[in-house]
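Going by the order they are written in, the chains are A, B, C and D; count residues from 1 in each one.
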Amino acid sequence: MKLDQLYQEIILDHYKRPHGRGLREPFDAEAHHVNPTCGDEVTLRVSIKGDTVADVSYEGMGCSISQASASILHELLKGGTVEESLRRHEAFAELMGGRGQVEPDEAVLEDAVAFAGVARYPARVKCALLPWMAYKDALARAVPEEEKA
Amino acid sequence: MNALDVDAVRKDFPILDREVNGNPLVYLDSGNTSQKPRQVIDAVREHYELHNANVARSVHTLGTEATEAFEGAREKVAAFVGAGTAAEIVFTKNSTEAINLVAHAFTAGAQDPRLRLGPGDEIVITEMEHHSNIVPWQLLAQRTGATLRWFGLTDEGRLDLSRLEDLINERTKLVSVVHYSNLLGTINPVDVLVARARQVGALVLLDGSQSVPHIPVDVTALGADFVAFTGHKMLGPTGIGALWGRFELLDAMPPFLGGGSMIETVAMTGSTFMPPPARFEAGTPPIAEAVGLGAAVDYLSAVGMDAIQAHEKQLTAYALDALAATPDVRVIGPTDTADRGATISFTVDGIHPHDVGQILDDEGVQVRVGHHCARPTCVRFGVPATTRASFYLYTTISEIDALVRGLERVRKVFA
Amino acid sequence: MNALDVDAVRKDFPILDREVNGNPLVYLDSGNTSQKPRQVIDAVREHYELHNANVARSVHTLGTEATEAFEGAREKVAAFVGAGTAAEIVFTKNSTEAINLVAHAFTAGAQDPRLRLGPGDEIVITEMEHHSNIVPWQLLAQRTGATLRWFGLTDEGRLDLSRLEDLINERTKLVSVVHYSNLLGTINPVDVLVARARQVGALVLLDGSQSVPHIPVDVTALGADFVAFTGHKMLGPTGIGALWGRFELLDAMPPFLGGGSMIETVAMTGSTFMPPPARFEAGTPPIAEAVGLGAAVDYLSAVGMDAIQAHEKQLTAYALDALAATPDVRVIGPTDTADRGATISFTVDGIHPHDVGQILDDEGVQVRVGHHCARPTCVRFGVPATTRASFYLYTTISEIDALVRGLERVRKVFA
Amino acid sequence: MKLDQLYQEIILDHYKRPHGRGLREPFDAEAHHVNPTCGDEVTLRVSIKGDTVADVSYEGMGCSISQASASILHELLKGGTVEESLRRHEAFAELMGGRGQVEPDEAVLEDAVAFAGVARYPARVKCALLPWMAYKDALARAVPEEEKA
């Protein structure tokens, strides 16, 4: 069943019991993203300590896909290095843009491989990407270009 | 009035034979765009296969045929909405352009005092407008310094008329209101608004995008100054809409888009313009689309707008009852059939509309989810989005049953 | 490059089987609007029969299919004109709207200095423009107090470039020029105009209404900032056109029409807008029309734009020779095939174009007569109107013979 | 042959040898009319003496139909009463609007019955009407409403 691939157990679990939800202090930057077609919103904060993503906190309204995606993002990126987070970001974006043709790398994406089914639903891809776009935006503000070089 | 034979109607809509995700298509998104009968699809095809040419510019036979078809469509549309003459129908690309066209007629330097707008002047809308009847006025207010004001809504989803006299006052230049809300289903009391606007000398624009397709509309009887509507929601093609306006008023308006066919004479140093409707139809118009829209209003008239309204009322009553019986469903908008159309927005407790829509889609049931281009209405009712089912002449009771069954499945997935 | 097989091409155009006044249809009015191949007519029909839904708003299957078809068409059109990305293609209702959209980006208070326009600033056009590339600038000049200037023409029907440096100068904000004149057939030297505009920091808009359908156009190589074109002249449906613009520049432009689908978020107190192209596509777009236009560019690409250009060059050479051999015919515009397209305007001594066109129509030959929405060009050449024959990929040499035979009959009636 | 009905001998004669062409003095009012689709133009003057249309003079560019129509208008209206001219105007407009279904009254329209064939060509009806519209306009200016009463 196609629908079961979309609403995988992992996704529904994260949706019902989101991890790391809530906006926390301290943080280095915040980004607010909206999906204009459906009105889903997420506010996301990052706290960077040296090379490490010390915290990702978020708050938002949206469907199961966008909410679960934020929860999994938190799990996946918090505590890792900034570089690692960008690698995971890229892998996730690639998976979502792959229209179901991209084989996800479980070593990089862990629980997020559950989103492979979402890639088959073009209308939902934006939901899954919403927190990730906000993350990238917040990170760019927290770590200015000069510093990265 | 003849009753509507829904089985016969359905045979005219080829898409209704389709399956979606292995289930028969249950199209409950007509408020977004309607499906097209064979008669409309064929009219467009025949036009291209036999009569295609540009209009108003040629003496040749094809050009004459195309012009007659195009102007004939204008006459059909005019008759359909009860316009005094066909010259009161301006073809646009959609409702949105029709509304923007009116908005651009208001300027600080307008010759006609009714169209002169500046700081201190007011435009009045409502909190239940589609974005297409909000943003043009926000942009106009920015251009001119005029103030935008709006009616609030009652919890039932009706206009809060308690501040009528305050909101529509001597400073009001224009009242622009949706006739039939695309989110709430509410049908607004045009007579009350028009009467008050007349008292203070304000113009009235009705956004008829949802009313013209679904209920008998007589623009002359309504008493407004402008009515905007759109072809694709009334069985017609995409790419065409219309603005009805009182001729005298259209004639007082400056051109909007400039270009071919709207001019009387052009010199490098200056141009003069045609009377309406040509003045507002710059460039090659949507010719085949007008022909298709003409076929659409023929079809609607043959079925009968009264019969369509009665059919939709029956569906709405049935659906409202069925949804009332489901404890986790909350209808946003009027919950009885008085002054409401066949568009029902609702939320399902604890489940986001996106997820509701997705699971219904899996069952073949096509509903719209989101803010329905009426975000302020969502904000007013404290919801980020809703699920919306909207019906039309081809909708059946058993399709509403499919919706209700689908909602059970939604609950199961998210249990 | 494969040569064009005109017999095979003609089989794809159902209308070409028609008779007009008892004679086979000889359609020589493609510059006005083109005929449509079966492939385009079928794509539109199939869309309505199988995939019709509104776009960008639904999670349901039909909505997803319609959105993919619509955005897929944008990608096809982008590739067809060599745009960097599909986001550089804004769908409009026709060329005329595309040009007006750009005109409305210029205001006294614009944030971007390139779009700031007021007294002292200049806009430059030419004496060979279509009204759609004259009137929007006259209206803009009126709104802002800017000055409209224009290139004159040589007797041969070319731009008079002797005043290039004077006309395009430090005060020039925009140069808006037709790429391929719809009256004269002249193809203008874009490189010269762009180079001069770049020197003085002016933007360049090309009216590609006639060029995009008939010659290979690569917007990136042309170096202009905007190119406007229209679907119905390039085998596509009516009701759709496009504006190509450099993304960075589109992104610097304010919205034009306000409404659904062009917003990011709407509150009663103010709204924010989407990036291009959505920012400029308010309301329901011409969905089925985009699908048809996508099929049209597929068709043109399959035949090959080089092959079409070569075919038309051959027809033009033949027609220019044939008309040169008729002593009472005077061609208005270039009389050789260098830098000219397959559109030939002419007068017949002592006989008004209306009468020429009428008698040709009796023979089945469909030509356009009048000022072709380019009255200033007529004035420049001292004629009230012309007769114009314009060719396309389906035109044959024997149709040009029919035109010449028709002209003999014209002479006889008025002998 | 349909075309022969359009280009009747009378029409071609008037076109080739127009009657009363040229703008003359004295005149009471002048009107300039343009057909925007094709650019045809006519300037027409009327001179009224009491109840009589003393002169109709005109100048214009246009096709055989509009030129012949002006010439026949001159023949038909000059020297008659104002009232008669309006009756003829009405009969002519009715004929032109009749899509070939109106039987023209030769007693009223005389040579102008030759235009019966033009009514079958919607694109040409405007050509035939051009000088007549200009006449009506000029007359209205020459004879103000109050006076007519």
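One rule holds for everything that comes next: contacts are C-beta pairs under 8 Å (C-beta built on N, C-alpha and C of every residue); 3 or more make two chains touch, one makes a residue touch a chain.
The shown structure was predicted, so the numbers you read here are calculated from the model rather than taken from an experiment.
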Touching chain A and chain C alike: which chains? B
More contacting C-beta pairs: A-B or B-D? The answer is A-B
Based only on mean CA positions, could you tell me how far chain B sits from chain C in angstrom? 31
Whole-Å distance, C-alpha centre of chain C to that of chain D, is 38
What is the distance in Å between the mean C-alpha positions of chain B and chain D? 45
Residues of chain A engaged with two or more neighbouring chains: 37-39, 121, 124
Residues of chain B whose C-beta touches two or more other chains: 21, 57-59, 63, 263, 265, 354, 358, 369-370, 375
Given which chains touch which, is the overall layout a line, a ring, a star, complete, or other? other
What are the touching chain pairs in this one? A-B, A-C, B-C, B-D, C-D
List of chain B residues in touch with chain D within their complex: 56-59, 63-64, 67-68, 263-265, 274
Quick one: which bits of chain C touch chain D in the complex? Just the residue numbers, please. 21, 352-355, 358-359, 362, 369-371, 375, 378, 384-385, 413-414
Note: in the complex, chain D contacts chain C through residues 2-3, 6-7, 12, 37-41, 61-65, 67, 121, 124, 127
Tell me, which parts of chain C touch chain B in their complex? 14-15, 18, 20-21, 25, 27, 29, 32-33, 35-36, 40-41, 44-45, 48-50, 52-54, 57-63, 93-97, 99-100, 103, 127, 130-136, 138-139, 148, 150, 230, 232, 237-241, 255, 257-263, 265-268, 270-271, 282-289, 354, 357-358, 360-361, 366-370, 373, 375-376, 379
Within the complex, which stretch of chain D touches chain B? 34, 36-39, 121-124
